[in-house]
Structures are given as structure tokens and as C-alpha cells.
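Chain IDs A, B, C and D follow the sequence of writing; residue 1 opens each chain.
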Amino acid sequence: MAQHLTAMLESQRHQPVALAVVRDCIAACLDCGAACTSCADACLAEPMLAGLAPCIRLDLDCADICQATARVVGRLTRPNKASMAAILQACIAGCEACAAECSKHAGMHAHCRICAEACSECAKACQALLDVMP
Amino acid sequence: MAQHLTAMLESQRHQPVALAVVRDCIAACLDCGAACTSCADACLAEPMLAGLAPCIRLDLDCADICQATARVVGRLTRPNKASMAAILQACIAGCEACAAECSKHAGMHAHCRICAEACSECAKACQALLDVMP
Amino acid sequence: MAQHLTAMLESQRHQPVALAVVRDCIAACLDCGAACTSCADACLAEPMLAGLAPCIRLDLDCADICQATARVVGRLTRPNKASMAAILQACIAGCEACAAECSKHAGMHAHCRICAEACSECAKACQALLDVMP
Amino acid sequence: MAQHLTAMLESQRHQPVALAVVRDCIAACLDCGAACTSCADACLAEPMLAGLAPCIRLDLDCADICQATARVVGRLTRPNKASMAAILQACIAGCEACAAECSKHAGMHAHCRICAEACSECAKACQALLDVMP
């Protein structure tokens, strides 16, 4: 997936300081957003749906925040440092909340286990970008 | 617009502490997101497009962040305090960056003046919600 | 809500044939998107959650399609007729599916009744724009 | 990217008729959405920006439609056939419009060439899913 992402980023005039870190952050946000969307949907198909309401809610939040973060980070032209840092922080918060909730159901539901992994990796990728931001 | 928003929020089981503040924040985020989308588009129709590239970029960021914020804030069931606070902070940062850039063009372009207003009001509405969050 | 929308649209160089129809369509999409997001969330708080899974699913679809439609329609500069017509058709389909499901629960849940209304109005607003598109 | 997507889809109760086609469609939509977001941004950094306004506009439309399509298609639980078909049709229309415009600039700008490829592949992936939909 996102097979065109690296080529696209490399084709641009405004090269970020750490292209690989930027690319990994975008890819992780897209992956996590899709995982959260799927996990919420998979929860809706579970027979014991009631206990998964908190998971669905945090999945939906995380998917929305990841999607916005992927877009903001994907824009290399004249980024605004304050808003990029703030959306990365929001993405980390959303991913951590979702990972914590999904982890509780990881033994019972594979989709929650996979989603928790995607969220944890996304939080790390966002933090890695925050760490190298000039 | 959003004529169903108040009725919808009042119909829910989980009533937030300050329903009017929540509603105003959602409405401001939707309004600002639409204004930023329109401003970016209006910039593309201007003859002197080159000087508006920073404005377009910040419009697009702000629209994406506002949209995600409207969704997260619109969910009243079991919100996660850390991620709600973080996305509100990101929305304030995105709105302030966009308002500052649009203000520079406000004398020349009505769409930039209107967009700057929408961004400033959205930042205030997000801050108001942060201030009353339990 | 969207108090800046009319002023923003009127400020633009590329005036659509039927500005009021365009504005009403954008406003209806934003309203419906917010209503669907809230309805899905309100469903998650209901004690009899299991029967609402189809409703939540269609709410989420409808919210995503409405949001994309509001953006595409909100861009007045050089629209592509085929993709604008197609996203309007998709929005009508998404709204009709969601309205049909929410209507089944309208007697029991106020949020489903309100959401069905928002969906029906949005479908009409999209059809009205399709009808006047040049 | 989307390394968790296949595992996530395979973990769900509601298995689609053609899982690989569904997965490829979601992956293509996410890839294309990211490519269009990047292409619009890369256009903003070009010295000859004016001629790229139509490209930016169609990039933005396509990104929004792809994102909504990825979400709708990613939900396997009780899909609504009419709205899924309609959003796939809209995605094909958006991708074709963007590919056609980007192709005009492909010789001059690598980002437009890559974006046109991503759009063409996404349109094909959406059509492939339409073709196998029950």
C-alpha cells in the first residue's frame, strides 16, 4: 500500500530534514486510521457488542485524528511548526487511548490485538517525527 | 446550518457538563472547516495566485484539523480526556496559524478576511471548551 | 452554524449558477454529517446496543460521504462535472440508506428520528443541486 | 504501508466474497488519497503555480473522495450495496478527472506523473471491486 508515497515525497521541491521519518509517519497514520476503522466495524459484528462500546468510540476518534495527521504531515510546503507539533501530539494521545482500550480485548478479539499494534506503532512514528522536527 | 445539531445533542444519554459550549465548539469547527475549504478554493481563482500559496497550505491544514475536531467533540459517550484536550489544542494551533496568514490578505481578498474571522472564532470556541472540560 | 458560509461563497470570483442551492447543499451535508456522527455515538450509549449495529454502520458511512460531498461542492473553482455529479449521487444513496435504517428506530430513539430527518433533508438538497447543475 | 490491513480484514467475522479485491481497493484509495494530497502540496511549491490551479483543485477533490471510499469499503459488516456502489463510482470519476489533468503536467512535474499513476490504479481497483460485488 501507499506504493507511490515514497516516490511522491522524493519528487518534491521542499525536502524535509528527515524524509524517511516523515514517510514512515504518514504511512503509520494511514495504516492506523484504516485499522481503527476496521476494528470499529469488526466490533459491530461481535455477539457481545455491549462491552466493546468504549473500544468503538476510541477507534473512531483515533481514525479521524490519524487521517488529519496524515494530511498535515504529508504537506511539505511551508509547514506551520506549531500546528504540526500539536496535531502530532493529538495523534499520539488518540493512539495511546485506543491502544490501551484495544489491548484489554486483545486476548478475545484478533481485530483488537492488531488495532492495538497499529496504534502503538503510529504513536511511535509520530513521536519519532516530533523528535527530529527542526 | 446544522439545524439538527442542538436537538441531536439534547437527545443523548450522556449529557456533557456544558452542552451549549460543546455545541458552539462543534458548530464553529464545521463553520471554520467549510470556510477554510472555500478560502483555499477562492485563492486558486485569484490572478495573483503565487503569493497565496502559504494561505492555501494553512487553509488545508486547518480544514482537516477542524473536521477531525468536530467529530471527536461531537462524540459525547465516554470521551477520552487526554485526546479531546489534545485535538482541541491542535485545532487552536491550526486556526491561529491560518488566521494569522489570512489576516495579511484580508484587505485585498474578502475570502481571506472572512476566513480569518471564522478561524479566530473557532479558536475561541475550542478554548472555551477546554476551559470548562471537567 | 456555518455563519460564514454565505459570505464566503458570495466573496468568490467563480459564482455558481445557483448560489443558494449550492449553499443549502453544503449546509445540509455538514449538518447531516454531524447528525450521523452524533447518532452513531448516541447508539453506543444505548442499553440495547446490539439491534443498533446496522444503524451505526450506516451512520458512519453517511458521515464520511457527507463530509467529502461538502468539500467537493464547496469548491467553486473549475469543478469537474462528472465527479461532482457522482459524489452527489453517492451522498443521496448514503443518506437514503441511513434514513431508512434510522427511521426504524425513530419511535424508540430521538437521535435516530432526528438523524433520519437530517439524512432526508440532505438527500433532497443534493438532488436539488443535481437538478440545477449546468 | 498499511501493514496491518490484510491481517485486520482476515480477522473479521464478515468475510467479503473477494477479500483480496477489497483489500487492494482500500490500499489503492489510501495510496491515491495520500498521492493527491502530496501533489496538491507540491504544486503549491512550483514557480509556475498559476497553470496548476486546475490540478490542485482536482487533487483536493480526489483526496477527499478516496478517503471516504477507503472508509466505506473498509467496513465489512452489513454494507449497503447501493451506497457502496455509488461511492465507488464517485471515486472512479474523481480519479479519472484527476488523472486526466495530472497527465497534462506529467512531462514537467514528477509529482503529477506519479499522482496520475496512483489515480489510474485507484480507478482500476475500484472498478475491480464493483465488478465482483455480489
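General remarks:
Basically, a contact is a pair of C-beta atoms (placed from the backbone, for glycine too) under 8 Å apart; a residue touches a chain by one contact, two chains touch by 3 or more.
Model, not experiment: these values are computed from the prediction.
Counted by C-beta pairs in contact, the busier of A-B and A-C is A-B. Rounded to whole angstrom, the centroid-to-centroid distance between chain A and chain B, based on C-alpha atoms, equals 21 Å. Work out the mean CA point of chain A and of chain C, and you get 26 Å between them. Within chain D, residues 41, 44-45, 53, 57, 60, 67, 71, 75, 77-78 each touch two or more of the remaining chains.
If touching chains are joined by edges, the resulting network of the protein chains shown connects every chain directly with every other. Of all residues in chain B, only 40-41, 44-45, 49-50, 53, 56-57, 60 touch chain D in the complex they form. Of all the residues in chain B, the ones that touch chain A in their complex are 53-54, 57-58, 60-62, 64-65, 67-68, 71-72, 75, 77-80, 82-83, 85-87, 89-90, 92-94, 96-97. In the complex of the two chains, the chain C residues touching chain B come out as 1-5, 7-9, 11-14, 26-28, 30-32, 34-35, 37-39, 41-42, 44-46, 63, 67, 70-71, 74-78, 109-111, 114-115, 117-118.
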